[in-house]
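Down below are the structures I want you to see.
Same chain, two partners: chain A is paired with chain B first, then with chain C.
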Partner chain A sequence: MQDWNVLLVDDEVEFVSTLAERLCLRGLQVRTANDGEEALQSVASDQPDVVVLDVMMPGMSGLTCLERIKADYPHIPVILLTGIGSTKEGLEGMRLGAFDYLMKPLRIEELIGKIGEAMQKRPPAGKVE
Partner chain B sequence: MESKKAAFMGKITAGVTHEIKNVLAIIKESAGLMEDLIALSKEDSIPEREKFDRSLSRIRDQVTRGVDLSTRLNTFAHTPDEAISSVDLNAAVVQAAFLCRRFARLRGLALEARPGDDLILVKTDPLGLQMLLSVCIDLMMSVVPKDATITLLPTGSGGKRIELAVAADGSAANVSGEGDVRDCPGWSPALEIAGGLGVTLEASGAPPRIVIHFP
Partner chain C sequence: MDLIGRLKKRIGQYLDMPEEMTSPERYKIFRRKISILMLLITLIPLVLMAFINYHEYQAALQDEIVAPLRVLVNKSKHSFELFLAGRLSTVRFIASAYSYAELADEKKLNRIFRSLKQEFEGFVDLGLIDANGVQISYAGPYELKGKNYADQSWFQQVMVNGVFVSDVFMGYRKFPHVIIAVQHLADSGEVWIVRATIDTRRFDELIAAMGLDARSDAFLLNRNGVFQTASKFYGKVLDQCEECVPPVSFEPAVVEQKDRLGRDVMLAYAYFARTDYILMVVKSKADILRAWSHLKTNLLLLFLGSVLVIVLVVLRLTNTLVKRMQISDDKRELAYREMQHSHKLSSIGRLAAGVAHEINNPMAIINEKAGLMKDLIDLAPNFANREKFLGMVQAIIQAVERCRAITHRLLGFAKRIDVVIEVLDVNEVLTETASFLEKEAFHRNIKLRFHLAKDLLRIASDRGQLQQVFLNILNNAFAAVNDGGMIAVATFEKDIETIGISFNDDGKGMSEETLKHIFEPFFTTNKGSGTGLGLSITYGIVKKLGGYIDVQSKLGQGTRFVVFLPKNPKEVTGR
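This part shows the complex of A and B:
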């Protein structure tokens, strides 16, 4: 677990920063982004092992961000975070290639378990040119 | 205009419940971080550690309660999405019992939905049905004795219906009630709502009972 590099993406700054701290306490390497554009820049500059991505964000939606990540970095698993009324988006995200989705508020043990599953099933790296 | 108002209320409520859930998520993570830090600290380094643990546990429980409430409110907010839709009477009574639970508690009463396992589908106005159930619950609450439990039982066989009655336990087995719902001021409005939905109401006074019959 200590070598896992996770990118957390959510527009709720307090949520993402607190969750990042909790994941760091458990040995993960965590970076955060607060919108889709920032997330794409972060993925391009330092490919994470896993992306945890909120579905509902202002500006670029989580699903659009997911599509762009999967287009250029198909090997990076993306776990979606959904809320009330966005279960439909979670299912749509699965169709677009998300590894899975979790509902907020989430249990940290469940998130870590899901990250672990994603790491085990992660295909070999290979950027699409 | 009335349906547009209902749709507007529903849309705004759905949006706000989403925001409330985000707030609860932040509270949950913050409490979780405090739990993590306490767990990592040396045994005697935090005075009144048990009080911290208890308070954090309370925060966790209330967040769970808040999530349940906002999820159910969000479901209710989407009720006016379609003027007429296919409604499962089991889900309808569970929702009605939840929405009216507080009003019952304030009167020293309890509400108990008794959904079955099989779907009982009717084509109706979902918001209108919730209104009718709420009015019927109110009527029952005005005639049953304190500490009684009002049950909501949907049935599919022999005609689709929802029966509101008083739970028969040792103390309430011979409930005669404090009146007949048909004598209450709310009965005429209930009949009006029922007529608008195309359903019929049947009631009795000893013991108090209301049945909503669907076509």
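This part shows the complex of A and C:
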């Protein structure tokens, strides 16, 4: 697999760490963040190829975080994680520029598939500096 | 004030009804009570008024009849007395104007008699009788000269009283007559009596002058009950009728009684002061009271008419009133139930959503941990008990999948999913949905029949939600029917704005008690397998789509669900 650089954001430490490990096992480079602020800092310091962002987080909500990322780095695809049935948030996220949304609990293959899709459709590396 | 208060209280008590009474019985009793109360309130014054009026009228009418009758009798009595007094004074005049010698002279007497007859009608004869009762002279048709009256009662009476007027008797030419005798006491001390006979034709004239109608009667009676003039109904002259004699009264009197012929009559009469006569006027009461009975009939008709109208109006009014009340009660009850129901649904929905979300994160962690375990096992080729561990991990992941399905269903119930309206063909959605169940139908030999309206218009609705609705109802039908049963699905146009989809099954049906609760969440009859959410979700969705569901069911005979959907939803109340 390509060494895609993925930023994983979720307030559940156990979830993030485990998922990160699984993605690493599949050859991805994964960084993690446990809230919106941390995520924004992480994006700013080293831009990831893809952000996987949980919608339901304490403090800054996932959707706000998405907006902020999209404002500064519109080219970075963001995949949202929503609770089951939270279609509304998912759709709202899509409107705000998210690449797609997936429901938790995830199927790992589905997530990797989506990341791959996002990478393919990602605008060519021409980074807007 | 106290009385009114008590009355109010009593009426309140009267109209009060036990709450636990079942609805139709309750309204029936209420209707009856209000009807009775209103009838009483309206009819009592009417009856009272009619009663008072009746009596007032009767009294007034009675007076109006009695008074003229009394006047008539009095007037006629006067005429009679005047007539008799006139004749009496004539005879008295003759007795005093002529000397005994003159009167004893038959020639002279004859001359006096002739001129008397010329001046006064009714005189039949004239004679002189001396103090010993011997007829001295006589002018008239009989040969009475020399006759001695000394033993006769009239002679004795005239000798005592000076005057005598006899009762009527049949005399000359079989004509009723009256004797008038006057005693004269001359200055010389001589006593003689002049006796005249007059016929009573004049009596009949006087009676005729009363101007009575054909059905009324007037006659003279003496105190022994002997008719002095002929009566139309009761007898001829000199007939006896002792029971006809009324109680003595010198004032003209009016009494009501039954006459000899059994008629109800008004009897007016007056006793004569100086003679034995009683003047009697008999009028049939029926005739007199004809006007009264006419009035009475009219009054009665009016009364009955009013009562009828009042009863009809009261009954109609009460009926309408109670019906309206019942309808508004029912509406209120329904609104209350719906509110309660939707309240219940929404609170349960919120709870379910909360639970689903809360469970979601731990589930995600379990899922990832299990996934990682699987990854690690896959990466270690020499993992001890590899297969067993993989099996266990797989089981955990499957359990997570099941939880995922459950939470998904819960959230579906919570109606978090937005309505997406599109124009669709209900028949198509229906057949598509039913196809999910074809396999089960085939295995259980259940006949699934479709009667789909061919020209059914496409309607605006939500495909996914409709599918869920149809699936839920069909699932219930499948659960209800036995193997080899039948389920019939039909679509039809109910009216210009609504289409209907009906689902009939010949399954086990539901009791009324069950029917009341089927849309409540967590209400289930097949304990163990059902969540009790299916119909509740269905109900919520159909409501959200602007439609409604109608259910009919009979235990042991089957169930009919009809879903009514608007062709164009006015506004979708999705969250």
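Just so we're on the same page, the second predicted complex is superposed on the first by the 120 of 129 C-alpha atoms of A that agree within 3 Å, B and C clash if a C-alpha of one lies under 4 Å from a C-alpha of the other, contacts with A are read in each partner's own complex, and residues count from 1 in each chain.
Following the convention adopted for this analysis, a residue touches a chain if its C-beta (ideal position, glycine included) is under 8 Å from a C-beta of that chain, and two chains touch if they have at least 3 such contacts.
The structure presented is a predicted model; accordingly, all values stated were derived computationally and were not measured.
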Message: In the overlaid three-chain picture, which partner chain does A:K104 touch, first (chain B) or second (chain C), both, or neither?
response: both
Task: Could you say whether A:T18 touches chain B, chain C, both of them, or neither, answering first, second, both or neither?
output: both
- request: Pick one for A:T87: touches chain B only (first), chain C only (second), both, or neither.
  value: second
Message: On the A-aligned overlay, A:P58 touches which partner chain: chain B = first, chain C = second, or both, or neither?
response: neither
Task: Determine where on chain A the residues touched by chain B overlap those touched by chain C, and list them.
output: 12, 14-15, 18-19, 21-22, 25, 56, 83-86, 104-106, 108
- prompt: Of all residues in chain A, which touch chain C in the complex?
  reply: 12, 14-15, 18-19, 21-22, 25-26, 56, 83-88, 91, 104-106, 108
Message: Quick check: in the complex, which residue numbers of chain C touch chain A?
response: 353, 356-357, 360-361, 363-369, 371-372, 375-376, 379, 400, 403-404, 407-408, 411-412, 414, 416-418
Message: Looking at the complex, which residues from chain A come into contact with chain B?
response: 12, 14-15, 18-19, 21-22, 25, 56, 83-86, 104-106, 108
For the chain B and chain A complex, residues of the former touching the latter: 14, 17-18, 21-22, 24-26, 28-30, 32-33, 36-37, 40, 63, 67, 70-71, 74, 78
